[in-house]
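Only one structure is covered here, and it is reproduced in the block below.
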Amino acid sequence: MNRPAWWRLEANEPFRLGPRMLPGRVWTASGCFGYGLQAHEFTTANGASPYAGLGAVVTKTVTPLPREGNPMPRLVETACGALNSIGLENVGFAAFLETVLPELEARGVPTIVSLAATTPEDFGPMARRLHERAAGFAHWHGVELNLSCPNVAEGGHDFGSSPATVARCVAAARAELPDRALLAKLTPNTADIAQLAASAREAGVDAVSAINTVVGLDVDLRTGQPYLPRRFGGYSGAAILPIALAKVDQIARGAGVPVVGVGGIATVEDALKFFALGAVAVQVGTAQMRDPFAAARIAAALGQWSSS
Amino acid sequence: MNGRPAPLACVGEVIANGLVSSAFHRLDIALDRVFTFQPGQFVMINEPGPLAWTFSRPFSVLAADDRIVSILYRVVGRGTQAMAGLAPGRPVSVLGPLGEPFPAPVDGQTTVLLGGGVGLPPVYAWWQRWGLDGDVACFGARDGGEVPWGLLGGPWRISVDSPGCVPAGRQATTGVVTSLVDRDDALRGGERTVLLACGPQPLLRAAADLARRRGWRCLVSLEEHMGCGYGVCKGCVVRVADGDTVRNATCCHDGPVFDAARLPDLAAEAGGADAGGAKA
Amino acid sequence: MNRPAWWRLEANEPFRLGPRMLPGRVWTASGCFGYGLQAHEFTTANGASPYAGLGAVVTKTVTPLPREGNPMPRLVETACGALNSIGLENVGFAAFLETVLPELEARGVPTIVSLAATTPEDFGPMARRLHERAAGFAHWHGVELNLSCPNVAEGGHDFGSSPATVARCVAAARAELPDRALLAKLTPNTADIAQLAASAREAGVDAVSAINTVVGLDVDLRTGQPYLPRRFGGYSGAAILPIALAKVDQIARGAGVPVVGVGGIATVEDALKFFALGAVAVQVGTAQMRDPFAAARIAAALGQWSSS
Amino acid sequence: MNGRPAPLACVGEVIANGLVSSAFHRLDIALDRVFTFQPGQFVMINEPGPLAWTFSRPFSVLAADDRIVSILYRVVGRGTQAMAGLAPGRPVSVLGPLGEPFPAPVDGQTTVLLGGGVGLPPVYAWWQRWGLDGDVACFGARDGGEVPWGLLGGPWRISVDSPGCVPAGRQATTGVVTSLVDRDDALRGGERTVLLACGPQPLLRAAADLARRRGWRCLVSLEEHMGCGYGVCKGCVVRVADGDTVRNATCCHDGPVFDAARLPDLAAEAGGADAGGAKA
């Protein structure tokens, strides 16, 4: 598409988010691009890197201990989106810190580390260890607290829907994270996301990310039972774009905190809608799964306008 | 992981798309670059642009010739239905080749290939690439109509669940596909024999069982619902034994080819009666 | 499709809902089929009635006084659904009672009357007047309290998201509605819909309807502003089906009250998914707008299985 | 509302679909029943089945012949883009005819027809049905290439925003479409003259303005975004004067044809400079 008249940003230029500059405004979303290492294999044969122009890769959420995740099947495609029930399978914080993050640094991938925990106070020690181990990393830009994953049985759902808990999580991490951006990723499964965002702001985040997946369910008509063993999954993809836009607008106009837009973005047009509402950056999730170059393409398109 | 060809992410163009048997369609896609692959690898297929399905669909590579990549597919749902409607000239997005291939043969190895239904492509591709006189290629289908006879030359042993629709001059045994080698004395007790199998779960179980009984190595190509196909979403995990522990491996990136001996889920109900030759 | 093995209902047979029998389990949803009168014009040339087999038409929500609704544009189509901001335009309760409801009775349209109000106590008098005026009507089967329309500026949003308010609305109406079914239509824009449903049950509803539209927004890229003058609209259509299924499941398994499934239903397969989760009936909304026969077709398909 | 033909709800089949000018496509759809309509009425068009757009799209009926209904459309967005790709044989769902038509002429009436861009179909249909020697049919377009010359015979007066692309033997005036009658003395002061107009907002304003100055009755066909097309969703309301009060009317069911004198929004900015002949 053509550059809209109202477009003012330089999407591929560094911009300040909290204590540091981030290299750009188009990011990949947590859980849809792994740890940010797997897609390097696409560079050779395509004459281009899937990481080109990315402002950040938000890595798959890691938890204090490794997790095996939920039973299969974990994915269901619906008419215009998908449900997932991965259950936060991850290598665990220690392995991430020792092997994954250094490799991201070595490869020069701009990284935001996504963290989840079962109690708010767990975030403090994780942030501290990150700070200790990676303070000198040039490409580690921040932490995103996943306060919203609806698939974790042990409390993920209610966890992030209370403003008080959001504040405790943020405060715990902020205290140990002096020089990197701190983001809180909010759940859309609440009546008032602006209230959560305001609570996160007061506790010291530099931005909030919205939204995580929406609670959904699909039924297998052969059995009459839900497809997913856990019944519910997280709904993502094109179908949730209007919901994400509404939530981002509520935050942008009602919470006084920078917001990173996530949800249903597949094209430059989709991304622009979030920027139009005042988002400072966007994340590409589900679309990145079918196209490792999805975010890089959006960044390139926006970058062209910036320089023109 | 080493030596896998670098995967492409590109939009190709349908050059041919049609039935090659009563149930299997063949789709040939022209790309703007040379496509190389290892037998057993797959590609993720989608429609580009606003018609894209949320998730691309995985299909084993049947063959590749310079810039053309070919797959064989059965229409089972929404995606494959849409694929069957793609006329020549239509754009198709292709991601791949992806995944762990079947290994190349080593000197002195005898290879037994078992394909069932749309599990044919990986074993077909292996046969085309590496097949030698001593190797045995077997294919099982529901009936003779389903068999893509044009692809499968004389050496192929064919089994069918139900007789009928076998063209003049060709032969098919009625029964499960493993029975095509079960009775073959030349293949008894070969320690250097490797069994490569792809097809429905009962076929894989029967193959693993047969290999265990004969002391063969057995590699199977698994199917799992996939999100990304390149290892980033953890949507396709398979339980794989790693020494004493069992851990998750991704079907798309650690597989789809696994050593049957490392798959507890395959062993669990091995030797079941219903080792049918055709995919459900 | 073929009849699934688990299918047990007689969708086109009368079934009990509260004090009376309703003629069937496939209904049209409020606001997407007007007052249930406009579609009669399709009967002549099509040799079939759009009302054939319908268990009920839930009429467009009426309010105590007439409403002009929101400024245009009121509708935006999105990639897999639509946003609406009609703003409850309606003729008002008095005109509805005197002219619309008698005509529905005369035409034999099975009717459930949708009501909204700005205070819970308004529902009492409306229910009483309905009872007085239409007690003898054979085709008037009940009342659905619209506790969930997110488009009305004067409180509609928060209104139905408090269990206490839901209970007050239901109690007020129930007291005046002795012999007709009483339903409460719940908002999905809440973290815990089962709690709302339980509250409605305790206050005396015969069933709850779920869901009303989801809050959404779309941006006009030419201007960078939301398409709808009120920014937000109610999201409906295929995109919300998995969300509606999740909410219905939460109610069916967690609230002990019969539930009527609404949201994204366009085909018999979609309807079946709600029945599989235990819904006692379903409503067709947005799909009815593009096809006046949508609900009738679903009823006919289900009816065939029942008799086979 | 009285005397409107009963609307169909059915799935037809594309029998022809292609450009009839540089900008307008004509789509002919064969139905399983006879289609009758009044000029000014419209149909809601969609793809049947899972490809259906959430909302059907409204198009004025251009013509109908027994079981065939024809529309004329410009590609402006997603729906019309999909329509342009519908090859003969493809199914199309049709709901209609819907809405209030232009009135039939009464004895002694002179009718002036003004169509602009894709506002042509209602006035074209009226002309084909009722047009007499004394009536005047005018059409305005962006340029000569946009004019569907094949549809518009000699009597049609044509205006274009910019000259060029006018075929040999045909004529077009450069200017706004109202100018085609403004200078026509034979049409001054006719109390029995009725102006029927359809086109972009500036054209409707200029038409209403002209009619007011001349003392003519003026009926315009409006466009509003529609949800249902048959009066049930209140998504398409228009402000209409009803005596002293202004109330909402549905464009789809109370309109799309309204008396210009009853449309405050049209009067509000009437007589604006930009009364261009072509739709934006």
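A, B, C and D label the chains in the order they appear, each numbered from 1.
We take it that a contact is a pair of C-beta atoms (placed from the backbone, for glycine too) under 8 Å apart; a residue touches a chain by one contact, two chains touch by 3 or more.
The structure displayed is predicted, hence computed values, not measured ones.
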Give the fewest steps needed to get from chain A to chain C, where each step moves from one chain to a chain it touches. 1
Intercentroid distance (Cα basis), chain D paired with chain B, Å: 57
Quick check: how many Å separate the C-alpha centres of chain A and chain D? 49
Return the distance between the CA-based centres of chain C and chain D, expressed in whole Å. 36
Spell out, as numbers or ranges, the residues of chain A touching 2 or more other chains. 78-81, 238
Shared-contact residues (touching 2 or more other chains) in chain D: 50
Arrangement of touching chains [line / ring / star / complete / other]: line
Every pair of chains that touch: which are they? A-B, A-C, C-D
Please output the residues of chain A touching chain C within their complex, sorted ascending. 1, 4, 6-7, 78-81, 83, 158, 161, 189-191, 214-219, 221-226, 231-233, 235, 238-243, 245-246, 249, 269, 272-273, 276-277
Note: in the complex, chain B contacts chain A through residues 4-10, 33, 44, 46, 52-56, 93, 95, 224-228, 230-237, 247-248, 253
In their complex, what parts of chain C are in touch with chain D? 31-34, 38-39, 41-42, 44-46, 50, 60, 68-69, 72-75, 77-78, 80-82, 84, 86, 89, 237-238, 266, 286, 288-293
